[in-house]
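The structure follows.
Here the chain labels run A, B, C, D, E and F in written order, and each chain numbers its own residues starting at 1.
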Amino acid sequence: MIIETLTSPVILFFILGFFAACIRSDLTIPEPFAKAMSIYLMAAIGLKGGVEVASTGFTSQLASAAIAGTVLGFTLPILAFFLLRSIGKLGAIDSGAVAAHYGSVSVVTFVTAVELLTKQNMQPDGFMVGVMALMETPAIITGLLLARAYTKRPELENDVKANKEEGSGILHEVLTNGSVILLLGAFAIGMVAGEAGFEPIKPLFAIGFNGVLCLFLLDMGLIAARRLLQTKKVTIRLASLAILLPIINGTIGTVVGTLVGLDPGSAAILGVLSASASYIAVPAAMRLAMPQADPGIYLSMSLGITFPFNIIFGISLFAAIANFLG
Amino acid sequence: MIIETLTSPVILFFILGFFAACIRSDLTIPEPFAKAMSIYLMAAIGLKGGVEVASTGFTSQLASAAIAGTVLGFTLPILAFFLLRSIGKLGAIDSGAVAAHYGSVSVVTFVTAVELLTKQNMQPDGFMVGVMALMETPAIITGLLLARAYTKRPELENDVKANKEEGSGILHEVLTNGSVILLLGAFAIGMVAGEAGFEPIKPLFAIGFNGVLCLFLLDMGLIAARRLLQTKKVTIRLASLAILLPIINGTIGTVVGTLVGLDPGSAAILGVLSASASYIAVPAAMRLAMPQADPGIYLSMSLGITFPFNIIFGISLFAAIANFLG
Amino acid sequence: MIIETLTSPVILFFILGFFAACIRSDLTIPEPFAKAMSIYLMAAIGLKGGVEVASTGFTSQLASAAIAGTVLGFTLPILAFFLLRSIGKLGAIDSGAVAAHYGSVSVVTFVTAVELLTKQNMQPDGFMVGVMALMETPAIITGLLLARAYTKRPELENDVKANKEEGSGILHEVLTNGSVILLLGAFAIGMVAGEAGFEPIKPLFAIGFNGVLCLFLLDMGLIAARRLLQTKKVTIRLASLAILLPIINGTIGTVVGTLVGLDPGSAAILGVLSASASYIAVPAAMRLAMPQADPGIYLSMSLGITFPFNIIFGISLFAAIANFLG
Amino acid sequence: MVATVQRKRIEILVDTPLVPRIIRLVKEVDISGWSVIKIASGGGRDGRWDHDEVTGAASKSIILMIASEQKADQFADKVAPLLESHGLLITIGNVAVVRGDRF
Amino acid sequence: MVATVQRKRIEILVDTPLVPRIIRLVKEVDISGWSVIKIASGGGRDGRWDHDEVTGAASKSIILMIASEQKADQFADKVAPLLESHGLLITIGNVAVVRGDRF
Amino acid sequence: MVATVQRKRIEILVDTPLVPRIIRLVKEVDISGWSVIKIASGGGRDGRWDHDEVTGAASKSIILMIASEQKADQFADKVAPLLESHGLLITIGNVAVVRGDRF
């Protein structure tokens, strides 16, 4: 599958962006355009998932996938936290922040995986979009709790005071996060509208999808490489963890997915979700909840290393594991 | 029709946006993307209307609709002005400004109405796009004249002086307003190009249309709800008027449309145009022509209340009236 | 062909934009949307060219076109430079800067020409996209060398000092220029993916193309006319040159294209490329390399006069010449 | 040490649709130039607003000008009558302009 | 000559996700309003960053406020504890506000 | 009362394509950081221009820096030779920086 991956235009555009940034080209995608594409992609996958669930109905697989995803979201950061402290030599605050990123998910990695798996006749179930939405936030809570548990009081004092007022603020922010609302909302609209209601808007959301994904991954390639080139914060140890963590988490996710009875495509997607690291929802939450944590570390690891790794190798790896187990 | 309305993805996306803003989600649509979608929608409806007129030719119905629309644009603000002063307890300047908004039109309400009516086999005539363009500006003139006629001199003095210089400026601004030019220009291009010339650009402008409208209404839902939540200026009296005025104006418009011989679909659209309130062209003109008028009032009424009312209830209402009369 | 040109929606949107700016309408296309469209257009033509070359393979025509294009890019600025100094009465620095613009190319002129020629059954070869990418930069080097050769030392002194440090900087900027990378990158992706790999992304890149081009030319019309109206720097002599230079360069390009054995469509495109003047890559390079050169001159000439001239008359002219010679 | 001159830095916070009207006054007092900066969001007596809106009528901009004290005063006098009705906020600060004789 | 009053011009450079937290402090000291300006790009001890990124977490904004000296001091006291942990840069300058009694 | 230090607020108005060249000079004098703000539109001797253009060559930005007087002077000396040819406008004002010892 790795060869099909590397000759797919979607991935080639990612590589083009990565390459352009490496030779320090001035190519840039305007930020509002990138945001527009990400809104489009989330609306489209939400809709498609909802329409699919509308025709298959709720199944027991859906329930087990939802539970498995939520449990993974809460627990994966724990292992990550201790690896980051021991191998990564990070402090408790930075470890908690990074762990939250790796427990949460990356929407673009998910979308790319769905495209690549579908081409391999391993199309995952439509409800996995809903599972992704469920997995966005639990890791934030675990990450914060771990950081707090392992931090000496004075260091967080001002923050604790601020966080008291903030407390519910962060919970609110996490639950009403724009991408969660958009994904779940579009999912619900897809379910209400069904195949027939989806028909008139299908041209935009289904037909244009792959092309938009190409342009979006072009931008992600630029951003990932620029992060990597600019960072001064990522040590060899951290760089290794940024590859090790997705392999560990992704394998756990794929195995769990197989165990709870998902088909290979969906199990692979659960692996991809576990392996992927957030770079939108979690960084914003961390900036608010633990401003002392260093964005230079968590963004460079998740965007600069883990994202490209998953896009180019991870997806194929978890597909292979799922096929082997399934 | 109200049930079809409430299960249409277009409307569901509006409700999703409204809901997201109500739970204070941070979901936002980047402003340049929203502007791009509004340019796209105006170009698309202009083109489609022009292509249709190119095939049907000029008809007497077209002429009567144009005249009816223009007369409605000039006269509807008069009733609104006196209701706003008496029931709404607004001063002359604010009443004039708000009345101008309700005499003018909302492009998105029009577009949504065309989509919903077409689904009900009540497709309006293509030339109604031209009628809409004609209805954008007359109300501004009536609103300004009313405000001036009922204001004590000193209050407007500086402004009158500024307005002397400005006078032709505002007229010019109103006539060369971007959305008017774009609508009429695309309409003309559609007429020149005809069905054959439209063919190569049809994929973008016809096929993608419904999907773009969904995303645009998602944004409008966010904006409408945020307006409503932030405003401190809208009293119960004004809120009631923001629902009463579209009902009155829309009924007048639908009746007039039927009387001048339009088919039910086009009469309903004339009703929708009369009921809708501007939130782009008129606010900008008011800021210039009567800076003392309070944007907190006119934007909250037109965007926060009348727009959602029309989208969810008004369109179905005027369709029902038109069917009843037609 | 000129009549087909003037009734094509693509050109009509350009004229609409030009007209709107002339009557000083406030119509504007948000900048990030315009940039997004230009990225889309470049990706799309790169891909289409690459896919075509993937199916035809490398031909001797491809090689001669590439060589002809590069040579034209290096040499066309020389004639332009002396005409600008003698007829245009410009100093050496401004002459060099303007000459660099006219030796380089305009992507949008190219795209529009391909659309119009295809409608006339003169579809150019796919590899001409690659030729365009090759022609973007040589003229910058010639322009800089000419300016330096004909400038008295003291005037450039600070600059020479700055440029020593800058030297490789400008070369690097020119070679890694965003549009060159995107064009060549998408071209390469098209070649790797081939017809089959292109299939899933075809809907976005092929079907939407003409419509996007309409909206982009609407913006170009606005920009061209606003440039023309605002400028105080363009004398009658310079305005005449802004029409004379594309005629001369375009004729040379078409003749050369025919001589090296291109089919009429491709020869006409080589003419269009020669005639067109850059307004993105070269201005940015000139601002860096020769900040003393006046942007008011080169942007007004290339965007305000030459661009509209080529779109409306030039393309038809070079098509006629190519047909006559071919 | 490079030479500097003392100038006024004038900032006018204004509704975006009114920018052209203020620019006209700028030109009347013959100030050498101006620059406009967009406000992304803000809040005041009316509560908070955000700029991410389709209707540009509620957006705000800052007009920034560097001018001599004399021209700054002239401009302030000219713009004062519009202050209330147009809801302007005008601040004037001191800056040193490097080789700024032309301003 | 129009009347002016002396006020403080406060600029707070802050990570965009933290803007709402600062605004809450602004409201506590009852300053009449604030305006937010986006930073397009920048650089500091960590090297350079650009704003053209999907993740808004790295973007920066300036909060601009005009206030009386007294309120500016109150605000500075309130915000000081967050200074280090939130990486704020706060500058206070003097400006004359034209007919600025309400600020 | 929180402690403040006196610093210089330097604003450089410059064509956007030239920003990297100025940043290089900033780094040479070891100023702690800089922030870039986009100009939306403006006008000068050449008449008015707008930023909404495909060609970025005509767009302008402001580079904002907070620095000590000494570094501000060093920077001004360094940038002075480019002033004319690059059409820069450089202003230097005084601000108090809250707990600003690191700038």
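Keep this in mind: contacts are C-beta pairs under 8 Å (C-beta built on N, C-alpha and C of every residue); 3 or more make two chains touch, one makes a residue touch a chain.
Fair warning: this is a prediction, and the values are worked out from it, not measured in the lab.
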>> By that same contact rule, can you tell me which chains touch subunit D and subunit F alike?
In response: E
>> If each hop has to land on a touching chain, what is the smallest number of hops from subunit B to subunit E?
In response: 2
> How would you label the subunit A and subunit B contact, same or different, if same means the shared numbers make up over half of all numbers there?
Replying inline: different
> At what distance in angstrom does the C-alpha mean of subunit F lie from that of subunit C?
Replying inline: 33
> Approximately how many whole Å separate the CA-defined centres of subunit A and subunit C?
Replying inline: 41
> When the C-alpha atoms of subunit A and subunit D are each averaged to a single point, how far apart are the two points in Å?
Replying inline: 44
>> If I count partner chains per residue in subunit F, which residues reach a count of at least 2?
In response: 37-38, 48, 93-94
> So which stretches of subunit C touch two or more other chains?
Replying inline: 28-33, 35-36, 207-208
>> So which chains actually touch one another? I want all the pairs, not just one.
In response: A-B, A-C, A-E, B-C, B-D, C-F, D-E, D-F, E-F
>> Please output the residues of subunit C touching subunit F within their complex, sorted ascending.
In response: 28-31, 34-35, 38, 158-159, 161-162, 166, 219-220, 223, 226, 230-233, 279-280, 283-284, 286-288, 291-292, 295-296, 299, 303
>> Which residues of subunit B touch subunit A once you look at their complex with the stated criterion?
In response: 7-10, 12-13, 16, 19-20, 23-33, 36, 207-208, 210-212, 214-215, 218
> Which of the residues in subunit E come into contact with subunit D in the complex?
Replying inline: 1-2, 4, 7, 9, 23, 32-38, 61, 66, 93-100, 103
> Which part of subunit C faces subunit A closely enough to touch in the complex?
Replying inline: 30-33, 35-36, 39-40, 43, 47, 172-173, 176-179, 181-182, 185-186, 188-189, 192-193, 197-198, 200-205, 207-208
> In the complex of these two chains, what residues of subunit F are touching subunit C?
Replying inline: 15, 17-18, 21, 46-58, 81-82, 85-87
